[in-house]
């Protein structure tokens, strides 16, 4: 009975070609859906990506900012000069910029924001970004002088992060619930659990956005996401949770599907301080037991680019090292025998909630079982993952996607959860920090990637894709996610 | 009557106190630290310590319990760790979705169950009885989240009569809100209606076997009159208890349905707060739910006394 | 008479599910451990009667293994309920009106007051998800059901003359509860057991639907449903199979419970006796 | 002109025949008695006349009420007749009224169903009817609820409901069986008065010959679905033609030959100032909690070999006293000594329990349905230090069974395979198996039919002949107590108001309450027998 009910409905759905959406879509407002709701609206106070997705570039702006392709562009700083020794930066600020509550934006606000972020009791999640700053001095209302402890090639990159946006002392106390920034949109209302509403900022210093009103909705359940898009309740779903439904949207003229990539290197992390993962042959055997294509097809329904090292493929300096760990179960079995484990071994695989981990985990468990490695799966929530794996280092294998931009530096920290320490790699990282010349940085980055691949530090799986499903008429959306952001300033409806 | 209610009130207060103790100390042993959850992977130990201090997490458990209870008595549940806003405000917002949804589902379930139960009882043993009982068996057997999925597929995606989920808010008009709650209410009401119909039927059948219904027939009342005037009212007592239980289940048990229809209800608030280790929110919401359930039971007791004179004077 | 029909239908359906679960301990049409992603989402065919899921595993085999989990969890949860609930109920009845009776009844009301699903989530949050914790979570909420049921039945029995005779024969309350009262309320416990068993299957499905029930690689109907939900337009059969299986199993168990109640119902027995 | 003619009425349920060719008629103002033991089909006859046969019953023959046949009438017509042309009073007053509605409304409903009158007028007529049945509105306002009335008062409300529309025919199914003796007498007088005043025809159904002989002019004797004999009461008292009627009369006037009591011996049981009181719910917040003194300062002794009786109306405290004597009820003050040992509910040593056993009232509730008769009977062995086992135990069981007139094979059967009378025999066997010195019979024969009761009392007499048996026989039935005791005590409101040799107390009662009891109990004056 149920079977033919569904069949009948499928036909009805195809028949409903005429696009009957709810209220006639006023062409100047938009409804954007993302998976998770931000816990609060202070980008400098918590690490949750959802906060930056809603507020970065829309409501808050930093001295510099990311462009769609990941490059760095001037933000509230019109221009800047760097002294030869790379230790002093002088920023020229834009004129006539005001915060949404009418208060003016000037060098004093810049000093306040940066000092607040790097203060001893600062609660900024990315406090490390500002570690190299020694002093922030106000030269005049439109000029700020930054002196560093040591030259830092990534300073402009760091200042573009969401956690480095400019805030005003007058409104800082209530940022969590009433965000006041300098961006092209102003905050209107937050109905917790349901939606956040923004509207165009009439007093914006730059070019006014095409959209008058933007509403963010939060839908984590894949079926609900699919239903909401199909029913026409949502205009744009950034980071669509159900990759398996993308073919349905591609085949439907009402929708467009953009598949970009994120900064999320999805890896099978190994605990180097736990037997047998201290032995490089075992790590190599595991890397070769994994069929990246099968994982991408099975877990992500073909959406995602394979990676051989810990670097984002869309980045110009990326080196394709997947050849170093080809899918060869027979060779992997032989390597394991060499390493002293002819009959394999048992270990744990702790999986955080996202579907790339839960589904990927089941496929990897099956693939490892094929070479004799018995894996006991334990599904944990983020809080438990942070407690047991990240801080407690109590795990054998885990699957996680590192979505912070340009985070290859984590392999230089011995205390990091895969407890890998390689003097060679640390030397390259030290040089990279000091280098400011782009060509030198690019060569060092390539060398770093190769070391990670040859050391088989982790099982490098794939770059987390960024599928966006939108109605056909929407233009100007970001394809990739160089940083967590949904910049609506350049978005508009086709005429 | 007053003595009866005073007795109930006393035991009610004791239950609440015991409940608050159980809730606080059970939930406090959940591993994981909200500060770490908020500051994510990159945080330094000192920032974590600073945040924990600000959230008041470094205070001893008993003291936090006392602070929580004393706040609760003045209606202030404290400040949420992750949302940084008053918990009572958040709960109120979510209550505006969960309460109407529970009431809507309860009314739907009762409107379906009463006529079905009466019809089945009056046609006991005949085909009508089998049909109703068969349907109710089916109703109980269908998992409501699967039924919700089918409803969304049929009415939201294909026929587009209803939104696929979400809640526009009451400020957009009463009927707009009710419209959004219709599919979730139906999927919640189905199993409850099935259960209630069965209980209504068996309670009525028991009462129809009683001597005073035979006396009524001997007076000249027809079968239907005897059922309506005498059996039904006596059958209400067991039925009332079930309706009380169902209401408390609908209020708290709708987590899964809220997930399918992405409704900002209490269920999802608890689910999200548990995963983000926002324990102050979890404790306060569970305490509120337990409080509502106990008050509903108390209301059912009063309804008993209203219906049954035997409880009124002599006790 | 109504009883045999629901007894037969219920018995047959429950029988089929039980044999499927038992047989899956030893054999299943396909080995679900081998994933074949290339085959994914094939509709029902001769090779795979119920089709293939999103990892290329045979759905029929998954359902059989899932039956194992559902039945084990629901059965043990009923076991917990009876093992703890019945003695509590008997004890309360033996001490009727006393402090123990009051405490047990107040305790029951308190447990009933707690929202069951929320507590299940809390338990799994504290001890981690998994079948064992699902059993505990569901079992806890079976205890008051059986306690209240056995107390009610025992109270009516305590007033009967054969209990007076046993007290005159010098038997203690405990011995009377064990020798006289428990055998006479077994019928009620069996009937309620089947009902709670079917509710247990539903509860396990709900728990694993939100990811808290049995964890991979153990199969579970609820998780199959959750995984298949997003494919409902792409491959409806993947979502339909587990849903229908749950409905059939719960329906079968409820009918069996109804049939048993009519068969063992003391009132009918007295009429016959 | 006959009011009601029942012509060859046959009723069968699922093939089993319940009534077979039942015929009788009733004239206005006449009371017809329908007498028979339980299971003889009396109630089914009554319900068929009212057009309310049991579920799934098939009826043949005809029932003509004032010329109109009930069996062929349509349901709508029957609803008009019920309550208006014919009324019915039921046996169990406690459950016959709707607990949730006041008595005024329940009586007025009979009127409102049949006549288009205002609610107020219906209530006014209801209060007149209630006054007529002895419930004046001054003391019994219409707003009272059934649970606030005694059994007798509720039965009067039931009668008011039945006669509110002044029906031509009244059917009374065991109207006074559940009432105690004094109330029964008053209700019977009320019914007789109403029949004369309203010139109703009445069919009165009962199993108690003494009651019906004072009420009905004509009797019809029923046995398993057939009327074996119908005649005027006067004539039947002189001579019974059908053997079953003869057996019924004989059983009702049965005389038990009790062996003379042995010479006076040492005291076995001694109760001194026994007080059992229950706290009553507190009326006002301030008033101290009053207590109901169920047993109020009772003192008596029972010597070995003596047969002592205890008589009293329901609610006089005799069952509380019996539970106290068995050590199942705590005493507020006073003491009970059994063979010199104190009787206390949870006393550590239970040796005194070996000297006393009991037989209770309810044959159907007296036994665990899941145990075989062997284990039922041998349960008291639990009291012995080393209970007999194996062959010795089996012999003891067989001896006990044969002593009460059952056979060894019965030991393997379950209790539901026995009749009411046989079950009481098993209860006696259970009581005797450990040879206690004292047996307490608590309403042991009240639930049995007249003929079966006679057999059990004969068994008792025979047991007394076999060996010196001392017992305390508690009952509300004066005739039974008179036939099996040497000494008797009369109890009222928790106190023993009179005590003495049975014949002496019955022939020359001293206390006003005993006199009242004896006067109210209907006596069966068989013309040709000396029984008085």
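Chains here go by letter, A, B, C and D, matching the order in which they are written, and residues are numbered from 1 within each.
Following the convention adopted for this analysis, a residue touches a chain if its C-beta (ideal position, glycine included) is under 8 Å from a C-beta of that chain, and two chains touch if they have at least 3 such contacts.
Here the structure is a predicted model, which means the values were calculated and not measured.
**Student:** If we define chain centres by averaging CA atoms, which chain lands farthest from chain B? Would you check?
**Tutor:** So the chain farthest away from chain B turns out to be D.
**Student:** C-D versus A-B: which interface comes out with more C-beta contact pairs?
**Tutor:** Comparing C-D with A-B, the pair joined by more C-beta contacts is A-B.
**Student:** Distance from the CA centroid of chain C to that of chain D, rounded to the nearest Å?
**Tutor:** 47
**Student:** Per the centroid of Cα atoms for each chain, what is the distance between chain A and chain B, given in Å?
**Tutor:** 39
**Student:** CA centre of chain B versus CA centre of chain D: separation in Å?
**Tutor:** It comes to 50 Å between the two C-alpha centres.
**Student:** In angstrom, rounded to a whole number, how far apart do the mean CA points of chain A and chain C lie?
**Tutor:** Measuring from centre to centre gives 44 Å for this pair.
**Student:** Going through chain A residue by residue, note those that touch at least 2 other chains and give them in order.
**Tutor:** Correct list: 2, 6, 10, 223, 230, 353, 381, 384.
**Student:** By the touch rule stated above, which residues of chain C touch at least two different other chains?
**Tutor:** Counting only residues that touch two or more other chains, chain C contributes 125, 229, 232-233, 243.
**Student:** Residues of chain D touching 2+ other chains?
**Tutor:** If we look for residues of chain D contacting two or more partner chains, we find none.
**Student:** Strictly by the criterion at the top, what is the full list of touching chain pairs?
**Tutor:** Going through each pair of chains, those in contact are A-B, A-C, B-C, B-D, C-D.
**Student:** Chain D touches which residues of chain B in the complex?
**Tutor:** That would be residues 3, 210-212, 214-223, 225, 229-230, 233-234, 307-310, 313-315 of chain B.
**Student:** Which chain A residues qualify as touching chain B in the complex?
**Tutor:** 2, 5-6, 9-10, 12-13, 16, 20, 22, 37, 39-40, 42, 45-48, 120-128, 176-177, 191-195, 217-221, 223-224, 227-228, 230-233, 353, 381-384, 386-388, 390-391, 402, 404
**Student:** For chain C, which residues are in contact with chain A within the complex?
**Tutor:** 33-35, 37-38, 40, 54-56, 125, 128-129, 211, 215-217, 227, 229-234, 236, 240, 243-244
**Student:** Okay, in this complex, where on chain B does chain A touch?
**Tutor:** Within the complex, chain B touches chain A at residues 31-34, 36-44, 46-47, 50-51, 54, 82-85, 90, 93-94, 149-150, 152-154, 156-160, 163-167, 169, 259-262, 264-265, 268-269, 272, 274-277.
**Student:** Please output the residues of chain C touching chain B within their complex, sorted ascending.
**Tutor:** Checking each residue of chain C against chain B gives 2, 106, 109-110, 112-118, 121-122, 125-126, 198, 202, 205-206, 209-210, 225, 229, 232-233, 239, 243, 246-248, 250-251, 254-255, 258.
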